[in-house]
């Protein structure tokens, strides 16, 4: 089952990642996600409190930047593990899937 | 107190918004923020579950896009209310502050 | 003739800019556009020469960044002049047009 | 000489691309670059003519979008050829270089 399936890529053979992420990477990502969630909860409170637009937008930009950084970390890890493994296994279709992820990331 | 203060813009006279956001806009924004937070919690569970990179990145892109849309809505509201009011009041410095927000938004 | 016309905004009353850009701004913008055009001609030569992808992409990124900077300068000038003038003249529709330009800029 | 060299990546062994781009891709890219250059020359004329900001920004956005599309095409081609070849040759450093290009592309 190495083929790509439309809308639900299963390149690594299933929906799990073949090479698990390191404990360190997982911990770092979870910490960043917690921070982003905390910032968004902060924005919710600021909206309730009728806070000034500039301040709310600054907080939103911080949250967006945190989410983006997580995407970048996971994309880099994806390239270093899944993409390399699939290419070595002869499954070059993984490259088009990766470009699709890059395109979405760069929006 | 109409001046801009470095790092903590107080163009509207204080850190509250002079013209409160409409109840409808507040409700819409809070709903979108809740959805983004839900998506990020979903990502946390996917990381714990060693889910495939492509699926995690898709969920992260959805969250980022939700946050971005909120920023855009609040920036538009800011321009329609605070910026217009300050310009009419002769405080053109609000334009440079708005451009700074635009620059941050477009990163 | 103060209305917005679909696809061909004429907020300033006609397709000319009401307050001309300063000579200094014009010269700066033209210099930057010349540089971007030079960089794109450089990319064309690199393609003819089968140059390495990374080098071509670096040159393209420089050109894109130059074009983006010009957009940012003109958008800031637009806000400081046309937008302020129209708001003072009571034509608040200029704000929605400006947000549309911001949205396109931030793509 | 397969190593990456700071600032001047030579992953494919030299500054030429190991697998030449197809004639069709080259022709498509050159056509798009010509169009972008034409649009930038159009912007220069619009600046000389004091044209309305919104119209100038629309033209700039078109040029930027054309340049971006060329970057995307070349990045995809890079991944499909150089990156795959280098990974097969055991040179995994190409992945980090590719991520650096992705990061620059997504700015």
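Think of it as A, B, C and D in the order they're written, each chain with its own count starting at 1.
Heads up, the rule we're going with is that contacts are C-beta pairs under 8 Å (C-beta built on N, C-alpha and C of every residue); 3 or more make two chains touch, one makes a residue touch a chain.
Keep in mind that what you see is a predicted model, and the values were worked out from it rather than measured.
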>> Measuring centre to centre with CA averages, how many angstrom lie between subunit C and subunit D?
In response: 20
> Just curious, how far off is subunit C from subunit B if you go by their C-alpha centres, in Å?
Replying inline: 24
> On subunit D, where are the residues touching two or more other chains?
Replying inline: 75, 105
> Which of line, ring, star, complete and other names the graph you get from chains that touch?
Replying inline: ring
>> Which pairs of chains touch each other in this structure?
In response: A-B, A-D, B-C, C-D
> For subunit D, which residues count as touching subunit A in their complex?
Replying inline: 72, 75-76, 79-80, 83-84, 87-88, 92, 95-96, 98-99, 102-103, 105-106
> Taking the complex as given, what residues does subunit B use to touch subunit A?
Replying inline: 8-12, 14-17, 20-21, 26, 29-30, 33-34, 36-37, 40-41, 43-44, 47-58, 60-61, 63-65, 67-68, 70-71, 74-75, 77-78, 82, 97, 101, 104-105, 107
